[in-house]
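Same chain, two partners: chain A is paired with chain B first, then with chain C.
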Partner chain A sequence: MGEPGTFLYEAWIARYALLKGMAVTAEMSFIVIVIGTFIGLIGGLCLQYAVAPLRWLVRAYVDIMRGIPVLVLILFTFYGLSLFNISIPAFGAGVVALAAFCGAHMSEVVRGAISSIPYAQTEAAKALGLGFWKRFRFVILPQATRRMLPPAINTAVEIVKSTTLLSVIGVVELLLATQQTIARNYLVIQFYLAACVLYLIINFTISQLGALVERRFAYIKY
Partner chain B sequence: MSTPLLRAVNIHKRFDTVEVLKGIDLTVEQGQVVSLIGASGSGKTTLLRCVNLLEEYQVGEIYLEQEQIGYRSQGGRRKRLREGLVSSQRARIGMVFQSYNLFPHMNAERNVMLGLTEVQGKPVAEARDIAQHWLDRVGLADRKDHYPYQLSGGQQQRVAIARAVAMEPKLMLFDEVTSALDPELVAEVLGVMQALAESGMTMLVVSHEMLFVREISSQVVYMDGGRIAAQGPPRELFGQPPERLQQFLGHFRGVLER
Partner chain C sequence: MLDYNFNFSVIWRNADEFLTGLGLGLGMALISLLIGSVIGLLCAYGRTSRFAPLRALIWLYVEFVRNTPLLLLIFFVYFGLPEFGIFVFDKVESFILTLALYAGAYMTEIFRAGLNSIPKQYVEAAMAIGLTPIKRQTKVVLPVMFRITLPSLSNTLISLFKDTSLAAAIAVPELTFIARQVNTNTFRVIEAWLTASVLYLAAAYTIAIALRRLERRYAAIR
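Our next item is the complex of A and B:
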């Protein structure tokens, strides 16, 4: 394993801390993306189909979340809420802030995909006698899913990168774990590079999974 | 006298300030083929779309077998029916569109099956048999696994007809179904429609194929400026057309004199 002070030695010493950090990043990302996608499906449906007051409400949510820097959102959730005597642990605050952010982006992704399906498809489904939910489920959603995949993957990757911001409120995710390691051994370049590689592994996995799903929908041609 | 299958009474339809239907009265008897002809903007397609509520209209009533479609009158005011009821009424009316509107993510067979399983609640196996039967009737039994993009325009339109007819509707609406087709593909679609008409299907047809209209219609309705300007059996109407219709038919002189 070489001498103390060499990268391999220090990496071996820090292996659990780094892998734990990576696991926190992956776990946080996974939870946020799942919740965000769920919010996005409902939000997108509301933006496209809901009656005016509800639609405005969702529109306001989406525009506000997209207009605020994620870091501000995170700090507000963590410190701001404690002013109102609502205190949530750092991890929880991270989930809330990022899921709200992710949900807003996904809402817009879903709305865009749905509205890109020609209205003639809805009319054809109506003419068959299909009701709203069946039209959505059997006719609109399958076609919209194909169109929402690329921007949704994009958003998912952005979310993984946004988890680094949670280091400022003390969530020991991959970046903070790396910084703590560097604080002990001063191997700045080496460990930041190592962190880069670990982030790339996570995001490459996501984009490959995305490509896999996209291929499953490739049969939809026009 | 038997009650008509379809009866439209005094239909008025506005798009914002433009009135496109100015009081249409129309009846279609069981088994009749009624064709709507007229210039673009005369309201034919809008009228057709009002029949199965793809368009709303401000005044008037449409009845299918005595049952009012889409609205009910309550204390002198009309109320739109719930979406679920409208859907079940639409299920009894088949419609074929100018641009086919097949579902691109389903093959021909599943396009035909969707309404059977999801609207009529038929078991998949039965729906598949029915789809098979109708695809065969429109001459596409061997294309059941093809997706829309793998089919020609004429084939897509025939699948669309199969999809609508498989639901065993009381009434079929055809909205300029050959207008998007290359000339050599028109005949195959018209052939399918003719066979349907001969089998006794009640049809309301918007078409610019005058020869076809003259051949298959029991009644021709000439619309002009949102009103019915003339109507009658094709022989009568085409034989001695009133002046405005004469002008309109002038555009088709080459076709009709064949």
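Our next item is the complex of A and C:
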């Protein structure tokens, strides 16, 4: 594995730390994207169909989350939650902040996809005598899914990139693990580049999976 | 439930710092947008080149930057470039350089889409009236492309403005950094982050509204 001080040697020494960091990044991204998608589906439905006060409430949530930088959101959550006597570790605060952020973006994605479906589709479904949920489940959602996939995948990639901000509050994810490694061996460029490659791998995996799902839904034509 | 006494006096005492931080963020976003536009325009034209290695290089740049977290790039430029013996940057310059490179990748995609969306007849008409290749671009293609891409440009400006919050990680005294400082110095947690959030929101929406008016004024010629 080469001499001490060479990249390969130091990377071998730090392999567990880096892989652990990558696992934390993947885990955090997965949890956040799942929760965020769930919030997004409900939020998007509310933005499109809910009665006025509820719709305004969701609209305010979405606009506020989209107008504040993620870093501020994370720091606000991390320092602010303790004031409500809620004691959660940095990882939990990160999940809360990023899920709220992801949920707002997904809501807008879902709303955009639903509202892009021509109203004639709803009218046709009504003419067949379908109720609201059946109309949504069998007519609107399948068509909207195809349109919301590309922006949703972009959002997922953004979330993976946003997890780096959790290093600021002390979650040892891939970036902080890399920085800790660099602090030991001073191989700044090599290890930052290695981290870049690992992020590229994660994000390319997501894009490719997304492309796969998109092909799965490509049969829907209109 | 919430046993907390609000005390906004620390905010008023640090009001000028908050506002300077906000101004610094806006300035950095604007400069990055300008440099990023130049990079994006050059790269967008580069991608239409017949020279395959240039196209591949630009593709690599765009995909690399778009799939890597911004915070990682910031650290890479700030801590990594001195390894190559490049010491000329202070932290603000280093951050602007990073943000400009980051913006450049996104702008490349925006401008490429813009160039692709220009009807072929425009170029043919310009040829027919005998404009030189350069004039064809500067008098016909670019003005139309600018109008088409204006909405995407304003979205990019707003998201760049939000991204300036990451400069806090390398101790650039912008809004997030100031809020964090006030937070740790005075323990007025909610006040500090609420102020930062409101300032970010207000600035982002002011820019958004101003740019929407600009967009209406310069609506795409169809």
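Keep in mind that, in the parts below, the second predicted complex is superposed on the first by the 222 of 222 C-alpha atoms of A that agree within 3 Å, B and C clash if a C-alpha of one lies under 4 Å from a C-alpha of the other, contacts with A are read in each partner's own complex, and residues count from 1 in each chain.
In the analysis below, a residue touches a chain if its C-beta (ideal position, glycine included) is under 8 Å from a C-beta of that chain, and two chains touch if they have at least 3 such contacts.
The structure presented is a predicted model; accordingly, all values stated were derived computationally and were not measured.
Participant: Which partner, once the models are overlaid, touches more of chain A's residues, chain C or chain B?
Facilitator: C
Participant: Would you sort A:Ala127 into first (chain B), second (chain C), both or neither based on which partner it touches?
Facilitator: In the superposition, A:Ala127 touches chain B alone.
Participant: Does chain B (first) or chain C (second) touch A:Tyr219, or do both, or does neither?
Facilitator: First partner only.
Participant: Could you tell me if A:Val139 is touching chain B, chain C, both of them or neither one (first, second, both, neither)?
Facilitator: Only chain B is touched by A:Val139; chain C is not.
Participant: First (chain B), second (chain C), both or neither: which does A:Ile39 touch?
Facilitator: In the superposition, A:Ile39 touches no partner, neither chain B nor chain C.
Participant: Would you check which partner chain A:Gly80 touches, where first means chain B only, second means chain C only, and both and neither mean what they say?
Facilitator: second
Participant: Would you check which partner chain A:Val188 touches, where first means chain B only, second means chain C only, and both and neither mean what they say?
Facilitator: second
Participant: In the superposed view, which residues of chain A touch chain B and also chain C?
Facilitator: After superposing on chain A, no chain A residue contacts both chain B and chain C.
Participant: Tell me, which parts of chain A touch chain B in their complex?
Facilitator: It comes out as residues 120-121, 123-132, 134, 138-139, 142-143, 146, 219-222.
Participant: If you look only at chain B, which of its residues touch chain A in the complex?
Facilitator: Listed in rising order, the residues are 52-54, 83-84, 87-95, 97, 99, 101-105, 114-115, 118-119, 147, 149, 163-164, 167.
Participant: Touching residues of chain C toward chain A in the complex: what are they?
Facilitator: Going through chain C, the ones touching chain A are 1-2, 4, 63-64, 67-72, 75-76, 79-80, 83-84, 162-166, 168-169, 176, 179-180, 183, 189-190, 193-194, 196-197, 200-201, 204-205.
Participant: Quick one: which bits of chain A touch chain C in the complex? Just the residue numbers, please.
Facilitator: Interface residues on the chain A side: 64, 67-73, 75-76, 79-80, 82-84, 157, 160-165, 167-168, 175, 179, 182, 188-189, 192-193, 195-196, 199-200, 203-204, 207.
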